[in-house]
Amino acid sequence: MSAPLQSLDDALTLITDGCLLVVPREVSGVPMAATRALIRRGVKRLHLVALPTSSLQADLLIGAGCVETLETSAVSLGEFGPAPRFTAAITSGAIKMKDATCPALHAALQAAEKGVPFMPLRGLIGSDVLAYRDDWKVIDSPFGNSDPIVLLPAIRPDVALIHAPMADRFGNIWIGRQRELATMAHAAVRAVATVEKIHDGNLLDDPVLAAGTLPGFYVESIAVAERGAWPLGLPDHYGVDAEHLAEYARMAATAEGFAEYLERYVYERRAA
Amino acid sequence: MSAPLQSLDDALTLITDGCLLVVPREVSGVPMAATRALIRRGVKRLHLVALPTSSLQADLLIGAGCVETLETSAVSLGEFGPAPRFTAAITSGAIKMKDATCPALHAALQAAEKGVPFMPLRGLIGSDVLAYRDDWKVIDSPFGNSDPIVLLPAIRPDVALIHAPMADRFGNIWIGRQRELATMAHAAVRAVATVEKIHDGNLLDDPVLAAGTLPGFYVESIAVAERGAWPLGLPDHYGVDAEHLAEYARMAATAEGFAEYLERYVYERRAA
Amino acid sequence: MNAAPREFRSEELLADVIARLIGDVRHVAVGNASPIPATAALLARERGHGRPYVSLLQSRKHNFFTDGARELFDCAGQGRIDVFFLSGGQIDGQGNVNLVSTGDYAHPKVRFPGSFGSAYLYYVVPKVILFRVEHSRRTLVPQVDFISAPGTSSPEVYRPGGPIALVTNRCLFSFAAGRFTLASVHPGHTVAEVIEHTGFEFERPETVPETPAPSPKTLKLLRETVAPQLAEVYPQFAAQVFGISVPSPERGRVRVGVAWRY
Amino acid sequence: MNAAPREFRSEELLADVIARLIGDVRHVAVGNASPIPATAALLARERGHGRPYVSLLQSRKHNFFTDGARELFDCAGQGRIDVFFLSGGQIDGQGNVNLVSTGDYAHPKVRFPGSFGSAYLYYVVPKVILFRVEHSRRTLVPQVDFISAPGTSSPEVYRPGGPIALVTNRCLFSFAAGRFTLASVHPGHTVAEVIEHTGFEFERPETVPETPAPSPKTLKLLRETVAPQLAEVYPQFAAQVFGISVPSPERGRVRVGVAWRY
């Protein structure tokens, strides 16, 4: 396998209109530079799965009109308040929402990782989360007490898009404790990554680094994007840009303010 | 949580007669020093699950009369031939055998890890592996083509027994790429470990080491056992002792030779 | 012992109340944006001399998970998490919580962030403590518009867990047999006020005790021992409530419960 | 091209046969104690200028897995493994393999190690190549005593994979529609001999070709490029077959196929 190192725009060509795209939760290393590049390119009709939640990334993509369907457990700016474009899109009916609960998304991705059509999950029974999901089934468990249990169909994304501290020239990516990034890559047909930097040598050659490495076998393309999670944080590397997120929360509160945000921070590439 | 560091015999007290014990495959770091200590103590009626296969460890425990039921996908000395005490015990009917296939055991442990009563698995249908397992069920998948699929009940061991390169005084254990050791510890009620050495400081404080660390929260007791996998190997640390395994294969070919092996290498502690 | 009025902040009272609810358990996990439950969990750990084990999911230091974002849920499924905290845009008298939306689900009036892990954790964690500072007829309703997770389940449903209490800025409710009971009213508040501001019906004893104020020993523990630990995860909160300031390069400002403002 | 007899070892012929069966695929995985399939996979990679990706499960160097022992099976379930190798204590004419025991399962005459991953991988890997050096009526039987994994499945069973061929020390069988067909007989062996030593019935064309001997180019690749790579995992085999000796602190001696001696 040769190194799949590419420019950011080239690395993202796999993410086409209508694509089933999985992205990680807000604290796992969110590919924000890549997200801005996708918005600039004008990707459309994404079926976006946020594993299991999202913050700025989903809100930006929704506000920019890139999302047709959203499947996740929550979208919020956390300490900075509700996610305004998500909230507006849901109340106006602009996107289709598939409400889930965190472990259901993890299990559905693990089903794809394991090549099984479904995974069972406890909980959910009697909730409206289940009531509104006609793609989830309930069976009586054939073991023990024949009690009812939910079966979740596998989610096999077309592309998993992640951001990580480093990659090597063989396509291996160091993800550390963020092991859901490995599950996403395993579950998806193809994985695309941005990284802070390139590691000299082969990450798999060092047993200590290898323990936190996603093998390049799963990775289709990689682009270097320094501070590529900004304004979100990258665990153990940099924190969130609180001032920027507060500014976003203020600007995105209205459609006009959001358009101005896009103009200033996405289209003009000032911060990308 | 204070450090659960103990002497080898004390660390193993959790492994009682009749215990459902899970042990790792022959190349993942097998707790052989601990196995010899268990034989010396005379543990009885183990329900031994080898994830997903075993070599010397299962053969020794079976030959020494510690095992009532064995659940695994294969027992063999690999390049050194069949596992003689396993083979003898099966043909004489001395132990109850639950034949499995590797991914079924991984899935059954993952079911316990996830707190679900079962996991689905492809394959198996039409095999005698399935035919002889009345604890496995077949249902028609409620998704897609309603095709038949096997459901495997969760295996929740009383104890997971592992060997690893190092632990710290907080009970954290560095397992590296041998992530099935984490699944075993998660799935089991309690985990017991031997390690080559104690790491100064907290393994979770360093993000690179943390990526390969099983948190101490899952670990009940730890004992230091230098070269604790001998005569098997420990990945990235030492290889198998081929001469010893060849000697074992020769001696264990007969009940008398096996008794002599136990006397020389287990009871006399020469090599422990 | 001490009838003289003591100076304490409501956050300190609430943390003390929650710490008592936690009780003697092995492991307490605290989700995101929950500084008061986090304070309570750390307080319980100080009182228990290191027990319970406390996981603050927002923290790197107080968070042992190394198997990715799923480990919390797997851990709960294994029965290894004894106490968790949930909130809700609406909570009703049957213990149902709503983290999704008000009005019709297809055409919501107000949208909340979403159910997070509630539709699972509410079922499998033995002691779930509901925590909602705002105690009003808007938040505590007769019937939630969307059940993110139900307060109780029918007997055939696997459910080792569920709610044990609801803590608000006015009072403490206990929860059992599908109903809330007013357990105590916080100093400075009254039963009449609780009735006025609660949208659901609840049981109450003839005499409702006052929530005990935090003891001097508790206040000392909170201010001197717990607060500095808290500052890593909730620097803004620690500064506001305890006057503790620790620069943290990885964290932004924290505004309490702001995700629930609507 | 070259009618003169060439010197080659049977292991080189078998590796060449298997390399052709592998064909143009993305990923070949080779299990434990399989030096000849490993040789073939590395040969295919040399011919393909780096494609296919080869995973030797016994190796640290030629093994990219970092998610523990389950990753091979997960990877196969994802459809990311195109070729795998299986053997068996018994193989029958329907492609069923037996890795468990002969005689009655409850009271076996001979016990083999066990089914390993066969009862899964045989179903999900598109090209499974059966490899059994010993070609005898003891190993190639009319009907296996225990089906570790069946050669075919009924149409309702999910089965994207299965056997495509059986390679022995005497010949190559192809497999399709539930039956073996004699595809070629190795140099030095005859059709009559194959019939005599095969316990199951099989199809054969009127004229059965001879298995082509490895070309000089192939032999050069094997000896000069593949053998040194192989020595990391199979030092004994590399020494015996190719005269290559690389000291390896992590590996013991390898005896080919010895797990199947009975």
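Per-chain numbering from 1; labels A, B, C and D assigned in written order.
Basically, a residue touches a chain if its C-beta (ideal position, glycine included) is under 8 Å from a C-beta of that chain, and two chains touch if they have at least 3 such contacts.
None of these values were measured; they are calculated from a predicted model.
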item: Any chain in contact with subunit B as well as subunit D; value: A
item: Contact-pair overlap exceeding half with B-D, pair selected from A-D, B-C or A-C; value: A-C
item: Winner on C-beta contact pairs when B-C is weighed against A-C; value: A-C
item: Chain located farthest away, centre of subunit C as origin (C-alpha); value: D
item: Inter-centroid spacing, subunit B versus subunit A (mean Cα positions, whole Å); value: 36
item: Whole-Å gap separating subunit B and subunit C, where each centre is the average of the chain's CA atoms; value: 41
item: Inter-centroid spacing, subunit D versus subunit C (mean Cα positions, whole Å); value: 60
item: Intercentroid distance (Cα basis), subunit C paired with subunit A, Å; value: 28
item: Subunit D, residues touching no fewer than two other chains; value: 65-67, 73-74, 77, 124
item: Residues of subunit B engaged with two or more neighbouring chains; value: 114-116, 121-122, 149, 177, 182, 210-211, 235-236
item: Inter-chain touch pairs (all); value: A-B, A-C, A-D, B-C, B-D
item: Subunit D residues touching subunit B - in the complex, by the definition given at the top; value: 32-33, 58, 60, 65-70, 73-74, 77, 99-101, 105-124, 146-150, 153-154, 156-158, 248-255, 258-259, 261-262
item: Contact set on subunit D toward subunit A in their complex; value: 27, 50, 53, 64-67, 73-80, 124
item: Subunit A to subunit B touching residues, read off their complex; value: 107, 114-122, 137, 139, 141-144, 149, 151, 153, 175-177, 207-212, 235-236
item: Subunit B residues within the subunit D interface of the complex; value: 24-25, 27-28, 51-53, 72-83, 86-87, 90-91, 93, 99-104, 106, 110, 121-132, 145, 147-149, 177-183, 233, 235-236, 238-242, 245-246
item: Residues on subunit B engaged by subunit C in the complex (per definition of touch); value: 1-2, 112-116, 172, 182, 186-187, 204, 210-211, 213-218
